[in-house]
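Naming follows writing order (A, B and C), and every chain is counted from residue 1.
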Amino acid sequence: MFGDYSLGDLGAIFAMQGFAGLILFSVYLLMALGLAIIFGQMGVINMAHGEFMILGAYVTWMTSNAFQHFVPPLFPGYFFVAMTLAFIASGSLGMLVEWALIRHLYRRPLDTLLATWGLSLILQQAYRSVFGAREVGVELPDWMMGSWQATDAIQIPINGMFVMGLTILITIAVFYILFLSRWGKQVRAVVQNRVMAGAVGINTEKIDRYTFGLGCGIAGIAGSAFTMIGSTGPTAGQLYIVDTFLVVVFGGAASLFGTIASAFTISQTQSTLEFFLSGSMAKVITLLAIVVILMMRPQGLFALKVRK
Amino acid sequence: MLIGHQPKDFLLAVSGLTVSFDGFKAVNDLSFYVEENEIRVIIGPNGAGKTTVLDLICGKTRATSGSIQFRGKELTKLKENEIVKAGVGRKFQTPSVFEDLTVFENLEISFPRGRTVFGSLTFQRDTTVTGRVEEVAEMIFLKDRLQTSAAELSHGQKQWLEIGMLLIQNPDLLMLDEPVAGMSVSERAKTAELLNRIIKDRSVLVIEHDMKFVEDIAHKVTVLHQGQILSEGTMERVKNDPKVIEVYLGH
Amino acid sequence: MITNSRFFNRSELVGLISLVLLLVVILPLTLDIFRLNLVAKYLTYAFVAIGLVLCWGYGGILSLGQGVFFGLGGYAMAMFLKLEASSAANTKIQSTPGIPDFMDWNQLTQLPFFWKPFHSLPFTFLAIVLAPAFFSFIIGAAMFKRRVGGVYFAIITQAIAAILTILIVGQQGYTGGINGITDLRTLLDWDIRTDHAKYVLYFVEVAFLFGAVVVAQFIRLTKLGRILVAMREQEDRVRFSGYSVANFKIFAFCAAAVFAAIGGAMFTLNVGFMSPSFVGIVPSIEMVIYTAVGGRLSIFGAVYGTLLVNFAKTSLSETFPQLWLFGLGALFIAVVLAFPSGLAGIWADNIQPRIDRLFASRGEKSGNGLIADGAPAE
């Protein structure tokens, strides 16, 4: 399949597809970070995660419209406001859901899976009723338009670079929160021994609620980023949920580093294959490869050997 | 593939057994031998690796290195169900019985027949099975509770039921992890009586903290500490071993 | 052969008799053929739901990929029917006559090799059973031998459903793409589109369904059924009682797959086409909800649950389309939070005791029989 291209062409193709893959990587990673926190730290399967992302996307879309209508001069900076609002909206909804639904289902992961699937259906229909079935797209401010001409053959879109940068910042922030902050220490304490954590005075219910909220909030930010590369519709989130779960499982559920590596591998494989094969076959081969690898190495790529 | 220097009359020969979890050696180069019809008790402080040793023998945990020979068979290469078929039975620390099934069904499942998928589809509840189930139920004091759901049994009764499930397998080596833990005084006495009855004609490997109980039943005691053998011999000898007193009995 | 005193205990007998009355007498007499054909469509999912009772309810293995097996059975049947509908005479206007129309549209000039055996009906029947059995065996063996279960298994089966859907949609020339395999006409020259044929196929399906019920009930009552229950609770204890847990899980998964595939084949026959929209993630997880609504431990519950959810779906989407997804979503949450044993649980907890009391007050003589239900034979 490489036969028709010269070596230079191939280099450019790999660079461009690689970069296109990086945007996919950003969305996967932001989605997967939230899922990995919720699944890895709490053992909850959140099938509605895609809908939390889409909520963030709708919030971004509304913010952009509001800026255009009411404060056009500030429009170039709307994205930062939108991102914050998306985080708050998805995070608050997440906390509400944790309180109403998830907290009754701890230690029943299969049941959380079914219940959150139900939640995702309800959210999808709610979006359809509120925003309509048509997909919406945001208008990008001027400074995000266009692309950077790296070499003759390689063009890199600016919004893509922006999303990448954003993803890196958020990933660093998540690491800080979970591994360096006092709150993160409490989260990990609850994960390792809920009873003991409660006994030493950690409010485990509150930790659960905020952890779930954080995971959903990050999905909201993923939604903001998503508006730059795709259009937002009621069911757009569902398209990503299986992929994202595979990213989390493939990386080894308890390892955030694994999540990053796996999001990178999967998005790059898919994006590179997409150039040579049809989009659907690229996806089939990527997913199939993951499933086969998971069958041979079910613990994922980065898992520790521990005594059960 | 018997190793030449190994005497034949050992039922179980553990040699050079090591297992490490991410570098931590829970069991470290452990060797011991159990004879036919011997009752061996393993004692030691928490975290000494006692339960891990049973896990290794029954195949629940895979050894990093070393060998476990049972009647000349290498157990480290067998799957759990093959180890059971070879004649090793294991009771867990917390009673693990099937609460959604009746006492009868619990015992019946352990009856060593029809253990394949096809075998269990064609399994018949004939007089051999019911006879054996009733016989064992009588031994474990549950004869009149055969149709009770196991969920309704007391903690002690569940322990007995699990012992009964092992008995019906008729293993040559019976491994019990703290069989009297959490039992009332009267249950404890009854359990001792039960154990004394069932240990005939087989070897038993017991983990126990109750020293009185250990003295009652043990032929030989092995003291584990940090995954290695600290001392081994009769209860009398072990009790007076200064090393043992220091790390375990002294407290 | 059967270890319990009766093959169906009393409440199961009530379920069976009312189901026979409903499916064989009441519905055929009261519904027109269009509606009855809808029932036939719903009942194809009941096969999947019965399989899930064994696999998920009893074995504790949640598969979110049952659509894959439903699809395998359905596509196998559809391939046979499509080949029969694509005779050289029927397709003489195509640039390549004698191959299915969608292949011709996609510039295929000859029948792909894997279509060829589907000229034979016996081969098709074999494929309907063996293809899903083989496929589920591979998946089950790979996963269960490595002790993968629970949510990992659920997610991987879901991914497989996604893969198969994308593959079917993407490979239009070989599969008919997103539209699926349509325009099916005859089965061995017998036109399956007539009202008469639809009646016949409905009763054939009902007969198969009761066959599935009996087989599932048989499996449940053997020692294997009890081992599945035992495994769900204390996997290690089963292992250390000398059983290979993986083999039993593989069996339950394969059985569920074959049930689903028969349902799929019935779907093609009764509904007259097969498409990827019955294979993917969404239909697969909906099939789980049928089982959950009926009660994941009840074979009859699975059939009633399937009928109920689908009736609700049809009537709600006809009148208030936007309400249906809210209703379905709420149903998922409700069966998990409030009714984990589904309809069967509600029956056993609320209705059965009343009936028992009614019978008990009528005469003490019959009281004996009630207690003996489900007790093992001495």
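The definition used in the following text is that a residue touches a chain if its C-beta (ideal position, glycine included) is under 8 Å from a C-beta of that chain, and two chains touch if they have at least 3 such contacts.
These numbers come from a predicted model, not from an experiment.
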item	value
Central subunit by CA centre of mass proxy	C
Chain separated most widely from subunit A, comparing mean CA positions	B
Geometric centre distance via CA averages, subunit B-subunit A, whole Å	48
Whole-Å separation of chain centres (CA-atom averages), subunit B against subunit C	43
Separation of subunit A from subunit C, taking each centre as the mean of its C-alpha atoms, in whole Å	34
Numbers and ranges of subunit B residues touching at least 2 other chains	none
In the complex, subunit C residues that touch subunit A	62, 64, 139, 142-143, 146-148, 150-152, 154-156, 158-160, 162-163, 166-167, 169-170, 281-282, 285, 288-289, 292, 322, 325-326, 328-333, 335-337, 340
Residues of subunit C that touch subunit B when the two form their complex	1, 3, 219, 222-224, 226-227, 229-230, 232-234, 236-245, 247-248, 251, 375-378
Footprint of subunit C on subunit A - complex, ascending	45, 101, 104-105, 109-111, 113-115, 117-126, 128-129, 238, 242, 245-246, 249, 278, 280-281, 283-284, 287-288, 290-291, 294-296, 298
Subunit B - residues contacting subunit C, complex	58, 60, 79-81, 84-85, 89-90, 92, 96-102, 104-106, 108-110, 112, 114-117, 120-125, 130, 147, 162, 165, 169
